[in-house]
Every structure is written in C-alpha cells, then in structure tokens.
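One chain, chain A, appears in both complexes that follow, with chain B as partner in the first and chain C in the second.
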Partner chain A sequence: MHIAEGYLPPLHAAAWGVASAPFVVHGVRALTREVKANPESTLLLGASGAFTFVLSALKIPSVTGSCSHPTGTGLGAILFRPPIMAVLGTITLLFQALLLAHGGLTTLGANVFSMAIAGPWAGFGVYWLLRRFDVPLMVSVFFGAFVADLVTYCVTSVQLALAFPDPSSGFLGALGKFGSIFAVTQIPLAVSEGLLTVLVMRLLVKSSKGELTRLGVLLQGGRKSDTTTEAAVR
Partner chain B sequence: MLPIDAAAHSNRWRRRHPSEKAALGFGLTLCAVCLPPWPGAVLVAAATLTVLLGPAGVAPRHLWRAFRIPLGFCVTGAIPLLFQVGGPEGFVTFAPGGPVRAGELLLRTSSASLGVLLFAFTTPVSDVLPRLVRAGVPAPVVDVALVMYRISFLLLDAMSRIRQAQAARLGLTTRAAAWRSLAGLGATAFVRAFDRAQRLQAGLAGRGYDGTLRVLVPEAVVSRRFLAATGALLTGLVAVTLVLERSLP
Partner chain C sequence: MSRNAKINTLLLLVVAALAVLPLVLGLGDHKEEPFTGADAEAEVAITEIQPDYEPWFSPLYEPPSGEVESALFALQAAIGAGVLAYYFGLRKGRRQGEARAKTAEHHEVAEAQGTGDGAHEGAAAGHPLP
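Entry: the complex of A and B
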C-alpha cells in the first residue's frame, strides 16, 4: 500500500523523510562500498532492483476474488539484505511515483519507511531467526515474506493514524480503523505473498543455485549461510 | 516502455532542462500540499491542468489514463475520514465534519498528483538520472538506478510475453494453475534479470568497463525566463489563495 501523493500533511511527510534518511544513507554507503570493491556488482544490483520493480507488477489472486500485487520486500530482503533493499526500495518507489503515478514524492519518506525499511528489516529478522533455529529454508522464507508484508501494512496504518487521528477516539481509534480496513485484504494477501515467495524460492533453488550461493542465501551444499547476519550488519 | 515515460519522450518540453520542469511541477505540488485546500488546491489544480493541456501539450486521453490511478487512491483514502470509531452514538458512526475533511483531502491529493504528473509527462527518467550526480547523489547509486531503469522495461516486456504464453497453454484456467504460472513468472523474472546483468557485464567488459556507466545527456540550458514565469505563477497562486481565503466563506 503506497500512501498517495499529498495524502500526508507537510509536517508528517517531512518527519517520515527524516526518519527514513539514516537507513537510506546507511544503505547508500553499503552499496557504494560494494560497487567500489566490485565494479561489476553495479549491474547485478541494477538487475536486482529491476527484479524488485517488476515483482511489484505481478498480480496476486486474492482470497476475496480481486487482485493485488506483492510488495516484494520480503523476497528482496532475503536475497539482497535489508540495507541494500533500503536503497533499491527507494529507487523502486521513486520509479513507481514517476512512471506509474503510484505513491508520491511528498510521501516518499513515509513509503520508504514502511516498504523499504520496516518491512524488509522485520521480514529479514524473522527469516534469520528461524534459520538460526534450523527451521527449513522454505518455512523461514514463508514467514519472512509474510511478516515483511504484514509489517509494511501495519506501519502504513500507524502513519495514517498519526496523520488523521479519529475525532472521537484519537490515535488508537484511527489505528483500529485503518488497521481493520487493511486487515480484511492484507492478512490474506500477506499469506498469498508468503506462498508465492516460497514457490519462487523453490524454483530459484532448482534453477539459480549459483546466484543464490553468490547472494549468500545458500552455501555450496545448499544449506543456509552463516554469514547472513554479518552481511546484514555490514 | 511505460505510457507516461513514452509520452515524456515525445513531449514538446522534452528538450527543456529538467530542473526547470522540476521547479514548476514540484513547486505546484508543494503549493497543493502546503496551501489551504479551499481555495488553494482548487487553484493549483486549475493552473496545473492549464499548463499540462496547454503549453506542455499533454494529450487529455493520456493524462486521464495516468491520473485515474492516483485519483482512485485519493477517493479510497478519503473514505475512512467520513467515519469515527467509539463515539457516544455507536461503535462506528459518521464523523462530524468528516465530509469536509474528506473533501479537503481529496482536493489536496488530486491537486498534488497533477503537479507530479506535470513533471513526469514532460521529463523522461533517462534525462533526470545522469544529472543527479551533479545534485550530489553518489555516482554508484545513479549507475544502479540507470541499470534498473533500462532492465525494467526489458523485464516487463518479457513478462508480458511469458504471461501470454502461459495463458495460451491454459496456465491460468484454474486457481492452482494460476499460482504455478505466477511463481514461474516471478522466478523467470529473477533468472532473466541476472542473465541480462551477466550479458551486459560481458559486453561492457569488452568495451573497457571501469565501473562507471557513461551515457550521453542531451544538452539543455536552464531558461531564466521559464524559471521567472514559474516563480511568478507560484507566487501568484499563493497570493490569490491567501486573498480568497479571507473573502470566501
């Protein structure tokens, strides 16, 4: 869910921009370091970003019969790590605002915070935790994508409730209002995105083991990488 | 290529410097967000539409197709403001002043969306990205964004063709088949993206790639007259809004 252009009051839009900035700057520094060390990774990162952009164009069949699109943040965070995802997500949101009129520039900070920072970090955290407890890869991937999707929408609900508190019950009432509206569609969609991400990952394990190994998702033997935490912290 | 970007490539303001159009489009967006919705957002929307359909020469059909998407989000986003939760009259009731707040929000969002569309319809992304380096964005980030931009269109095109092939092979007839096809589509996009990146890398390596993507940027000079006219328009909108706000009910 992208917050539309002009939806947030100016102060809120600016505040979310300030909140997102450190994460994006951290991601930019990580990306710059990576590109300087390995110039050829520019193309790989560009391809990864394009994949994230295109993923958001996929239509998921919803439980209610309508369609929606995956956020792609869970899969992106598992494959490319949250700091890189913050940058790729920001560029993706910028492209969506300019090329698809989806989202906005004044609301870019808020959208970046929910979709490119909170969602990926939460999803990756759950994925990493489950892998630490030797939970099978596909189960971890499902919960990673599910949580990333759900957290994105929860944060969006908080952003909207802060901007438009309920006249009677204030912030909490508005949070319940926006949260329940999203819950009708987003809990089924989060499950759908989790399932889709598992299916995509299964195909990738079969067809692109080399790339997954290079990205640190798999080791040579197909087991989880122990370096995922280090990469995320870096 | 996506419709908005395709229209921007053939727009009559294409050769103008992007910073001129950014000043105008984003200036109007800022006015829409910061000025009181009534009458500010209405005036900004009217001015933006006049510029879009007049001097900028955007076809009304293209504009409507692009604008109806954010308009849909604006309308659905305004509906929750009509209701309140937990008042003395019931759990969910109509909010006092809800229609006014929803109307103001609708005016603000639709007016702000038009401002961004003004920039998007007149400025291809490929004209903006290389210039961001001069604006202080690190070159590696701009390079990654450039590659993303180029590969995205190829991927979208490939996915559209794969989708057609899946439909022709009855891959969308049942829910289970649709899920399988969708997963295949996502995985194919990943494989194709990496394959493209590797082929690009091989091609660039043969041309002496040193880590910097050099692209030709169309020469354009910033027009002071255009910027002055933009400043006058924005100042005029602010002044008229403040005057009308006091005189209108």
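Entry: the complex of A and C
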C-alpha cells in the first residue's frame, strides 16, 4: 500500500522526488544498455515487470485485520539488479497512480523510493550476501524477496513518520504508529511474496537456464551452486 | 505428480493459506471495518496526529465506484499474468521445438545409417526433461 495522493506535505513530496530521480534516470540507462547488449533479455525483462504488476495488484488480508499488497520487486532485482528494477517499479507505480487512484503523482517520488529503490536494493543485498556464504539459491531468493517486500513498507513508515511526527512522542512515536499499520501487516505478505518468487524462480530454472546463466543466477552449465563462491554472484 | 510439481503446488497452497487464515480466524473482528487497506488506515493515523492536515492534491482520475476500481485492479493483474503466461508458454514451446528438431535430425542420421533406434529416443526427446 502506497502513500495516498496529497498525503505528503509539498516539501517532503519534492524532497523524495529529488532523491528518487537519479536512481530512475540511472535505471533507464542501465535498462537501455541491457536491451541493446542482450536483445533476447527483453522477454525476461517483460516477465519481471509483469510479476510486479500481478503482485502489486493483489490486496491480501493480513494478521492485523487489514489488507495490503506485495510488491514483486525482489525477482527483478535479483535477475537484473536493482537499477533496472527501479524503472520497472516506477512504471507499475505510475499505472496505479494514474488509473487506480492508488498512490499518487505528488507521492510518486516517495513511493518510488520505498518500492522501486530501497526495497530492491535491500532485497538484492541480502540475496547477494547469502549467495556469497554459499546459501542455496532458492533460500537466498526467498529471503531476498522477503526483505525487498518488508523493507519497502518500513521505508514507507519512516517517510510518513518524518512528515507527521507525533506531537507528544515525536518521530519515534509516529514511526511505531505507522510501522504497526504498514510493516506488521506486511510480514505475512512478505512471506507469501518470498514463496511466490521462489516458485517463479523454480520455473525459470527449468525453462530459462541459458538466460539465468548469463545473468549470473546460475553458474556455467546451469548448476545452482559451486565451491567457488566468487562466480555465484556476477 | 512429479516431485517438482508437488513442491510448486505446496508453495501455492501455503500462499493461499497465509491469505485465507486471517479471514477464517476472524482477525479483523476487532475493527469497525475489517480488512480495509493499510493506506486508508495510514490516512486515519495522519489525521489523528495532525487533525488539521488536508491533502493538497487529489488524484487526476478516480474510479467512480468500488466496482470500477476492482475492475481496474483485476485488469492490472490480468495484464501481468498474461505476460508471464506468454513468457513461460513461449519458453516451453521453444524447448519442445528444439527437442523435436533434434529428434528429426537424429532420425535422418539414423535412417542414413540404416539403424532404427532413432524412433525410440525421439519419443523420449519429445517430452523435455524436467
């Protein structure tokens, strides 16, 4: 669930926009480079974007008695790295802001920062670390996607707490409040997202060995792991 | 069912259970309006913290009703699911095509050499290995 239209004061909205813009511009460059260098990756890029589209359209009930939706950004971040995911995530957020009145144009910068930048980077970082320590591919993918999802909503909570500190308990009080709304709700959804990302990765390992090897997810010969960890992450 | 398919089914079942359990266990019962969106709850929390805050911008287009909104959300999911299905379908078709082409090649070689075992291997190659 993104920050609704008009619900960030103008100064905050502008600041998050400024913070996000370079990541998205850099991402567009990375994306064009990728497509030019490997035209055959366009299909898998489309599939990664599509995964985000599906997952962020599914509002799922959670333990807190409210609903939220996963982000689907972990998969693209693991496959194509976070800069490219910044672009795919921004496209999804634009679609929702323009057609669904979900999120918004004034809060786009903040929402892009949480869902398309912070989440993918955190998720990719966890995935990368786990792979370095020889953790099995699917376990790393699960935690990568889980963290990408959860961090997105933690950042959303921070953004709101910065904009609306509690009059008595200040920033931390507000963070607790928004965190209990967003982050706690998100925990089971992040588990779901991790499992679904593992499912899609399993299908990809079966169907797209060559592509995954080129992207460095699988090693030469389609193996999932190797004693030489150096090669595990491109 | 192959072991692979069993694992995939199990993954989907766990995801479904995670979504359904909060409803079955009535975890939303303590609320006036159970299972509203977290973003709407955040709006309420903002108004609690800063009662005089007014959203300074409203969406350019707002779906006129909950039905239209859910239709658009379904459309978003459908577009995504469609592209994903296209991707995996195409991959599967390509693999099958490659396997068939290989078999055909094998057949020609086998026929040229006058041996008959190409047909048997061809049937196996028609179904790509998991």
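Definition applied: the second predicted complex is superposed on the first by the 179 of 234 C-alpha atoms of A that agree within 3 Å, B and C clash if a C-alpha of one lies under 4 Å from a C-alpha of the other, contacts with A are read in each partner's own complex, and residues count from 1 in each chain.
One rule holds for everything that comes next: contacts are C-beta pairs under 8 Å (C-beta built on N, C-alpha and C of every residue); 3 or more make two chains touch, one makes a residue touch a chain.
Keep in mind the model is a prediction, meaning the values are calculated, not measured.
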For this session: Scan A:Thr42 for contacts with chain B and chain C and give back first, second, both or neither.
Result: first
For this session: Could you say whether A:Leu199 touches chain B, chain C, both of them, or neither, answering first, second, both or neither?
Result: both
Exercise. Is A:Ile187 touching the first partner chain B, the second partner chain C, both, or neither of them?
Worked result: neither
Problem set entry | Which superposed partner A:Thr32 touches (first chain B, second chain C, both, neither) | first
Exercise. Is A:Phe51 in contact with chain B, with chain C, with both, or with neither (first, second, both, neither)?
Worked result: both
Exercise. Is A:Ile91 in contact with chain B, with chain C, with both, or with neither (first, second, both, neither)?
Worked result: first
For this session: Could you tell me which stretches of chain A are touched by chain B in one complex and by chain C in the other?
Result: 2-7, 9-10, 43-44, 46-47, 49-51, 53-55, 57-61, 95, 97-102, 104-106, 160, 164, 166-167, 174, 177-178, 181, 195-196, 199-200, 202-203, 207-208
Exercise. Along chain B, where are the residues that touch chain A in the complex?
Worked result: 2, 4-5, 26, 29-30, 32-34, 66-67, 69-70, 73-74, 77, 80-81, 83-87, 95-98, 101, 105, 108-113, 115-117, 119-120, 125, 138, 140-141, 143-152, 155-156, 159, 175, 178-180, 182-187, 189-191, 193-194, 196-198, 200-201, 204-205, 209-211, 213
Seminar exercise, completed: chain C contacts chain A in the complex at 4, 7-8, 11-12, 14-15, 18-20, 22-23, 27-31, 34-43, 45-46, 49-50, 53, 55-63, 69, 72-74, 76-77, 79-84, 87-88, 90-92, 95, 130
For this session: Please name which positions on chain A make contact with chain B in the complex.
Result: 2-7, 9-10, 13, 28, 31-32, 35-36, 39-40, 42-51, 53-55, 57-61, 87-88, 91-92, 94-95, 97-102, 104-106, 160, 164, 166-169, 173-174, 176-178, 181, 195-196, 199-200, 202-204, 207-208, 211
Seminar exercise, completed: chain C partner, complex, touching residues on chain A are 1-7, 9-10, 43-44, 46-47, 49-68, 95-102, 104-106, 160, 164-167, 174, 177-178, 181-182, 185-186, 188-189, 191-192, 195-196, 198-200, 202-203, 206-208
